[in-house]
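Below: a set of structures, written as C-alpha cells.
After this come two complexes, each holding subunit A, first together with subunit B and then together with subunit C.
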Partner chain A sequence: MNKYFLHGLYGLLGVIMLSAIAFKIFQPIQVLPRMHLAPAFNLIDQDGKPLTSEALRGQFVIFTFAYSHCPAPCYGIFETLQDVQSRLDEAQLEGIPVTFVTISFDPQRDTPAVLNAYAQSIGADTQRWKFATTTNQTLLKTIIGSGFEVYYERKEDGNFAFDPTFVLVDGWGIVRAEYRYATEVSNADRILRHLGVLAEEVRNSKGTAKLAYEAAHLFLCYAP
Partner chain B sequence: MSTQSMHIDAYERNWMIFGIVMLALFAAAVSVAAFGMGIQVPAPEQRVDPRTVATDPNSPWSNPGLREIAPGKYDAYILARAIPKWEYLPNEMTVPAGSTVSFYVTSADVQHGFKIQDTNANFMVLPGQVSKLTITFDKPGTYNFICTEYCGSGHGVMYGAIIVTP
Partner chain C sequence: MKVKVLISVVIVLLGLAAGAYFFRPHNFHGTVIQSPDPAYNFTLTGAKGQVSLSDFRGKLVLLYFGYTFCPDICPATLANVGQALRLLGDKAGDVQVIMVSLDPGRDTPAKLAEYVAHFHPSFLGVTGAQEEIDKVASLYGIFYQKTAGSANTDYLIDHTATLLVVDREGYLKLVFPFGVSAEEIADDLKYMLKQ
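Up next is the complex of A and B:
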C-alpha cells in the first residue's frame, strides 16, 4: 500500500516535470513579456485637446518619439507606421483598437497647429494617430526619457539627436515590446506579428486558459 | 517495509540522501533567484545585421556612445570590433555616482566578451546579437571593462573604462 503510494507520487512528480520541460521546449503558447509600466501622462494633442494615458486604456498603443522638423527620411519612422496602419488586418485584432501616438520633443516649434498640418501632410488618420506634446520640458523629459527610456537631446542648431524607437503598450498600460534598432525582420512586420500575439492573449486568457498563459509568462515563452 | 526491500548500507544511504537534499536545495535556490528575486542571465535581446550595424545611419551603433536619457539614467551603445584594430567604441565613459546605465553591446565582426570589473556584468558579445544589461554605479571610481572571449591577436589590448565621478 505504502509502496504503491510512493511509486504513484514519484510518477506524478515525473509527469509534472516532463510536462514543464516539454512546455518550455515546444512553447505551445507564446506571449510578449511584461517589461515595465508605461508612464502616465497628460499631453496636448494636434487638435489642442488633452491626451492622457488613462484615455488610452483598453487599446493597444504604439508610441513613437519625433519632431516635425526632423529632416526626411527621419529614420523611416512614419513610413513604418503607415505600413503598419495599412496592413493592420494581418494582425487579426478582431475589434481591439490600435492607436498610434507620436510624442514630439520639440514643443517650441510643434504647436498643435503645426502638428495638425504635419499630420495632414503625411496623410495620417488623426482618429487613430495622435500627435501630442507639452510645453513643460521637465515633464516631457520625465515621460520620454525616464518613462519610456528613449533618448533625445537638443543640438546647438536647434535640431535633435535621438534614437528612433517604437514602444508597444497594451490595454493595461504595460510596455510589452520595444523596437530600438533595425533587426533581421522589418520593424513593421515585427509590430504586426506582436500585435497579433497580444490580441490572441487578450482573447484567450479566460478561465483555465488564463493559467496556461500565465505559465507561458512564468517559463519566459516569449514570441521572437 | 516488505521483506523484498533491498538492503542498503547506512553509509551509502546517507550519501544518497545527501545528494537528493543538495539537488532539492539547488533547485529551490535557482527558483528563488529566477522567480523571487528576478535574477536573469543576460540574454540576447534582439538580432541585428552585423555587416551594417556600424555603418547604417539608422543603427545606434553607427554613433556609439553614452546617452543621458533622463537625469541619472543612461543608455550606453557599445560596439566591439577587431577590424581595423581590437577595441570597444567608445572605450571611456564618465557618469556621476548613482547613475543607472543600460549597456547595449554588439560586435561588428567576431565573438567578443564584455566584463565590467567589480560588477556582475559579464556577458558574451556575438555578431548579430545585442546583449543588454543594466547596472547601477553607486560607488565612485574607475570600473575597467575587458574582453573575456579570445578574439584574436589583439585580444589582450581590448579594454576600456567607466569612470564614476563622485
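Up next is the complex of A and C:
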C-alpha cells in the first residue's frame, strides 16, 4: 500500500512538473509583462485642451517623448509611429481604441499652437495622435523621468539629449512594453504584434480563459 | 492483482486532484504587477511625525489616496479595507494601511488621524507639501483634480480610486479596482502574507 502511495505521489509530481515545463516550453499563450504603473498626468494638448491619464483609461496608448525642435529625422520616432498609424488593422484590435501621445519635454517652446503646427507638418491624425506637455517643469520631470523612466536633459545650445523611447500602456494604466532606442528593436512590426497580443488578452480576461492567461504571466511566457 | 491496479489508479487520481487543489495558482482579485523596481519611497507627515513607505519593510502596505471631505468613494473603500483587516484576525498586524491625502490644503495630520481611526485603529493618514503629493500621486498612477462642490464642501476632488498593495520587500504587487469587497481584499492579503 505504501509503495502504491509513493508511486502515486511521484506520478503526481511528475505530471505537475511536466505540464509546467510543457507550458513554459511550448508557450501556448503569450502575454506582455505588467511592468509597472504608468504615471498619472494632467497635460495640455495641441488644441489647448486638457489631456489626462484618466481620459485614456480603457485604451491602449503608445507614449513617445520628443520636442518640436528635434532635428529631423529625430531618431525615426515619427516615421515608426506613422507606420503603426497606417497599419493598425494588422493588430486585429476589434474595437479597442489606440491613442498615440507624444509628450514634449520642451514646454517653453512647445506651446499648443507650436505643437499643433508640428503635428500637421508630420501628417499626424490629431484625433488619434495627441501632442501634449505641461509648463510645470518639476511635474514634467516626474512624469517622464521617474514615471516613464525616460532620460532627457536640456543642453547648453537649447536642444535636448534624450533616450528615444516608446512605451505601451494598457487600458488599466499599466506599462506593458518599453522600446528603447539603444537596446531594443523599436520597429512598427514589433509594436503592432504587441498590440495584437494585448488585445487577445483583453478578449480573454474573464472566466477560465483568464486563468490560462494568468498562468502565462506566472510562467513568464512573454511575447518576443 | 486487478484490485491492486484499481487501488493504485484511484490513489494517483486522488493525488492529482489533491495536487491540483493545493498547487493551484491563487486567483487574485486585484491585478498583479511584476515590477522589477521597488515602489517609490515617499516621506510624508502623519499625526505622530514623518512616515516613509520604507518604515514598513516586512509588512504589506495598502495605499489609498483620498481626502477627508470625500463624500462617498473614500469612506466606502476605507470601510471595506477596515473590514478586510478584521477578517485577517491576528495577521492584520502584518498589514499597514496608509491613506495619502490629496487635499493638503484642508487635511491636517491631526484631522487625517481622526478620520482614518473611524475605519480601523491601525490606519495611518499622511499629507505633505502640494508638490510632494503631486509627485507621489503621479508615480502611483493616481490622477486627481479639484472640481466645484456644494456650499458645504466648497470644492471636491475627483481622483483615481484604486487601492494599491506594496509587498514586504517594498515592491508594488497588486492593484485593486474600486468596488473590490472586503472578502476579496482579505483573500489576496492572506495569500500574500503566506509567501
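Quick notes on this one:
The criterion applied here is as follows: the second predicted complex is superposed on the first by the 207 of 224 C-alpha atoms of A that agree within 3 Å, B and C clash if a C-alpha of one lies under 4 Å from a C-alpha of the other, contacts with A are read in each partner's own complex, and residues count from 1 in each chain.
The working rule: contacts are C-beta pairs under 8 Å (C-beta built on N, C-alpha and C of every residue); 3 or more make two chains touch, one makes a residue touch a chain.
All values derive from a computational prediction rather than experimental measurement.
Using the contact criterion defined above for the overlaid structures, shared-chain residue A:Leu218 touches subunit B and also reaches subunit C.
In the superposed model, C is the one of subunit B and subunit C that contacts more residues of subunit A. Legend: residue contacts after superposition of the two complexes on their common chain; A:Leu18 is shown touching neither subunit B nor subunit C.
In the superposition on chain A, A:Asp163 makes contact with subunit B only, while subunit C stays out of contact range. In the superposition on chain A, contact is made by A:Ser146 with both subunit B and subunit C. Once the two complexes are overlaid on the shared chain, A:Ala209 sits clear of subunit B and of subunit C alike. When both complexes are overlaid on chain A, the residue A:Ala113 reaches neither subunit B nor subunit C.
The residues of subunit A shared by its contacts with subunit B and with subunit C are 142, 146, 218.
Subunit B meets subunit A in the complex at residues 1-2, 35, 46-49, 56, 58-61, 67-71, 73, 75, 102, 104, 130.
The part of subunit A that touches subunit B in the complex is made up of residues 2-3, 75-76, 141-142, 145-146, 149-151, 153, 163-164, 180-184, 218.
Taken in their complex, subunit A has these residues touching subunit C: 1, 4-5, 7-9, 11-13, 15-16, 33-42, 52-54, 138-139, 142-143, 146-147, 172-174, 211, 214-215, 217-218. Residues 4, 7-8, 11-12, 14-16, 18-19, 23, 25, 27-28, 31-37, 40, 131, 134-135, 137-145, 158, 160, 172, 175 of subunit C are the ones touching subunit A in the complex.
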